[in-house]
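Structure first, then comments.
By letter and in written order, the chains are A, B and C; residue numbering begins at 1 in each of them.
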Amino acid sequence: MNPFNRYLKTIWQIFKKDIRVEWRGRQGIPVMLVFALLIVFLFNFALQLSPDLQAELAAGLLWVALAFASTLGLNRSIASERENNALDGLLLAPVDRSAIFFGKSLSNFVFTFLVALILLPVFSVFYNQNMLNLRLIFIILLGLGSYTSLGTLLAVLSIQTRARDVLLPVLLFPLALPILIAAVESSRLVLGSHPVSDYQSWLFLLIAGNILFIGVGLLFFETILEE
Amino acid sequence: MSERFPSEPFSIEISNLVKHYHHQNVLDHLQLTIKRGDLCVLVGDNGAGKTTLLRILASLIRPDQGEIRLINNTENENSSYRGKIGYLGHQSMFYNDLTAAENLRHYAELYQIPNAQEAAEASIQSVELTGFKDNLVRTFSRGMQQRLSIARALLHHPSILLFDEPYTGLDQKAANFLDAQLRNLHQPDKIILVAAHRPQRMLSFATHIAWLQKGKISHHIPIDQISDFPDLEDYLRGTV
Amino acid sequence: MINKPKLLTVFDILTALTLLGALALILFWTPVEITMGPVQKVFYFHVSAAWAGMLAFVAAGAAGAGYLITRKLHWDWVSLSAVEVGLVFGLIAILSGMIWAQPIWNTWWVWEPRLTTTAIMELIYLAYFILRSSLETPEKRARLSAVFAIISVITVPLTFFSIRLFRTIHPVVIAPGGGDSAFSMTPCMLRAFLISLGVFTILLVDLFWHRYRLAKLNYKNQTGEN
């Protein structure tokens, strides 16, 4: 098998394993989903949103819910590798270690994206506007892509500390801020039926975020894990 | 890795290994060479650095200095260094929510073993757990987990075996099973290094003993020469 | 090692003198800006502090890379010292910005790109300290902090860009005219401004030097070396 196929196969294998673990334990997606919904309700009452404000703020609320909920999924995903030290098992395998980063990022990304897809119809009902919009889904793909790759790296980093998973949001949120701003703004403009030219700068920012954070993950994943 | 005189047997050569934690050298310019066919017991107090040494050899820890070389490694030359290592650590490295067979299959795929499913089942059979292969690992006792861990470590037929305190937490029956496994694995083409802070039961079948003290290997001798070194003898008596 | 180097004492005196000089220059020899009045004079130290803070954070990222390449702990002391000093300068920049904002825009806080970016940087580097405090082994702490310092410094431009873009789309009622471009500087003001920048850079180096010595002494103290 040529090295490239081997690399892809390793990513796929880790992804497949994570799906199986998730299917058995159901500790990631359902928890994220319920938490996201709770945030929606909490915001509704905390901010006492009037109907016209709701429509305006739906994009922001969606991203706040996703940003918070995904930290639970990220922590869970890395905790499953820490239990029984399975991460050592991955590191022992004769594979390029960056493939482990890609595999874990991929499963975190897919799980969070699934949560987002389930949230969209719910938001459509709650905020009385159609959010099942292909452009919005594209933006969610871009936003979550960079958010979960940075999140995966920082989750692996924080699990090495004494504070463990508590640390993740503190490290992740300030660094992910530009991504979240870009995601919120472009989602808001898409939902307001603005032309692409109004939000293309945000799309570029999201693409830049993907390149940057995937690159950072490739560069530092092994450094973080080596003892 | 380097090739040297072809007459030398396949061996693993550790030179000048240094690793420090908390301002102290856990390993301090450590030297050790283990040859093919050796079954070496690594003894030393808790905290002497046995685990650190094994984890460095397994490439889980990066040493601060020094190098590890494989000499005259003719067998499966194209597999990478990590592909030659079979490592058994303190923890099982299994996913609690997967079955025994699924866990091993996962590792077989990562090691690019052809027919991963069959390889996984064969290795489960070799540790006599076939009846439990579809049970979740979280339901396994410590002894069963350890047996499955051995299966995982041997899955890809590694030529260098590193076992870290394999007897810890095992009952008499499981320990006897491990003895038998180690005797079986002890073959002329393999290098076996077992860390044990209570090495007594291994002295009957190990070939060499290495004593790790103050970050260095103070003694590395064939097992039948122990009586020539009273301090080592004393130490071993103290570990009973 | 325990003795303070002579050069540092000389440098301390130099820093104090230039700082006093710059202060006198700003207070007595720069004109009072017509629309804003005397409070505009905060600007000289405000921008200089922001500059010094930014410089420190870039240095911290570079020192992080230095650690990862060489694995020598003194790079970690450099990184730590730079972040700590940078945090202080960032705080000065934010507080002086608020002092300026109050009379000019009639509010203590404006979500102006530079001010907001500085505030987020402060949060990032506070997280840096939380990360450090939950790691005990010096080598591991150095390694993980280095990675975080590098990631932090490369996201700062992205943050600044995103907030600026955010601002241009949402014009605010009280328009923050964009800090230093809000008024035109006379040559005299420009000179005072450039001198402030220089003086704050000297102050940064001086404080950093002290902090670095402290980190080194702390390490020697823990290891029991002399």
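Everything that follows uses one rule, which is that a residue touches a chain if its C-beta (ideal position, glycine included) is under 8 Å from a C-beta of that chain, and two chains touch if they have at least 3 such contacts.
Since the model is a prediction, treat every value here as computed from it, not as a measurement.
Student: Out of curiosity, which chains are bumping into both chain A and chain B?
Tutor: Chains touching both chain A and chain B: C.
Student: When you take the mean of every protein CA atom shown, which chain's own CA mean is nearest to it?
Tutor: A
Student: Quick check: more C-beta contact pairs at A-C or at B-C?
Tutor: Contact tally favours A-C.
Student: Between chain A and chain B, what is the gap in Å from one C-alpha centre to the other?
Tutor: Inter-chain centre distance comes to 38 Å.
Student: Using the average of all C-alpha atoms in each chain as its centre, how far is it in Å between chain A and chain C?
Tutor: Distance between chain centres: 32 Å.
Student: Determine the centre-to-centre distance between chain B and chain C, using the mean Cα coordinates as centres, and give it in whole Å.
Tutor: 51
Student: Which chain A residues sit where two or more other chains touch them?
Tutor: Only 226-227 qualify.
Student: Any chance you could list the residues of chain C touching two or more other chains?
Tutor: 136
Student: Flag every residue of chain C that touches chain A in the complex, lowest number first.
Tutor: Within the complex, chain C contacts chain A at residues 68, 120, 123-124, 127, 130-131, 134-136, 140, 143-144, 147-148, 150-152, 154-155, 158-159, 161-163, 165-166, 169.
Student: What part of chain A is in contact with chain B in the complex they form?
Tutor: 1, 6, 9-10, 13-14, 17, 20-21, 24-25, 80, 83-86, 88-95, 226-227
Student: Inside the complex, what are the residues of chain A that reach chain C?
Tutor: Interface residues on the chain A side: 150, 153, 157-158, 160-163, 167, 170-171, 174-175, 177-178, 181-182, 185, 201-202, 205, 208-209, 212, 216, 220, 223-224, 226-227.
Student: Which part of chain B faces chain A closely enough to touch in the complex?
Tutor: For this pair, the touching residues of chain B are 55, 58-62, 79-83, 85, 87, 89-98, 102, 106-107, 109-112, 136-137, 152.
Student: Hey, which residues of chain B end up touching chain C in the complex?
Tutor: For chain B paired with chain C, touching residues are 20-23, 64.
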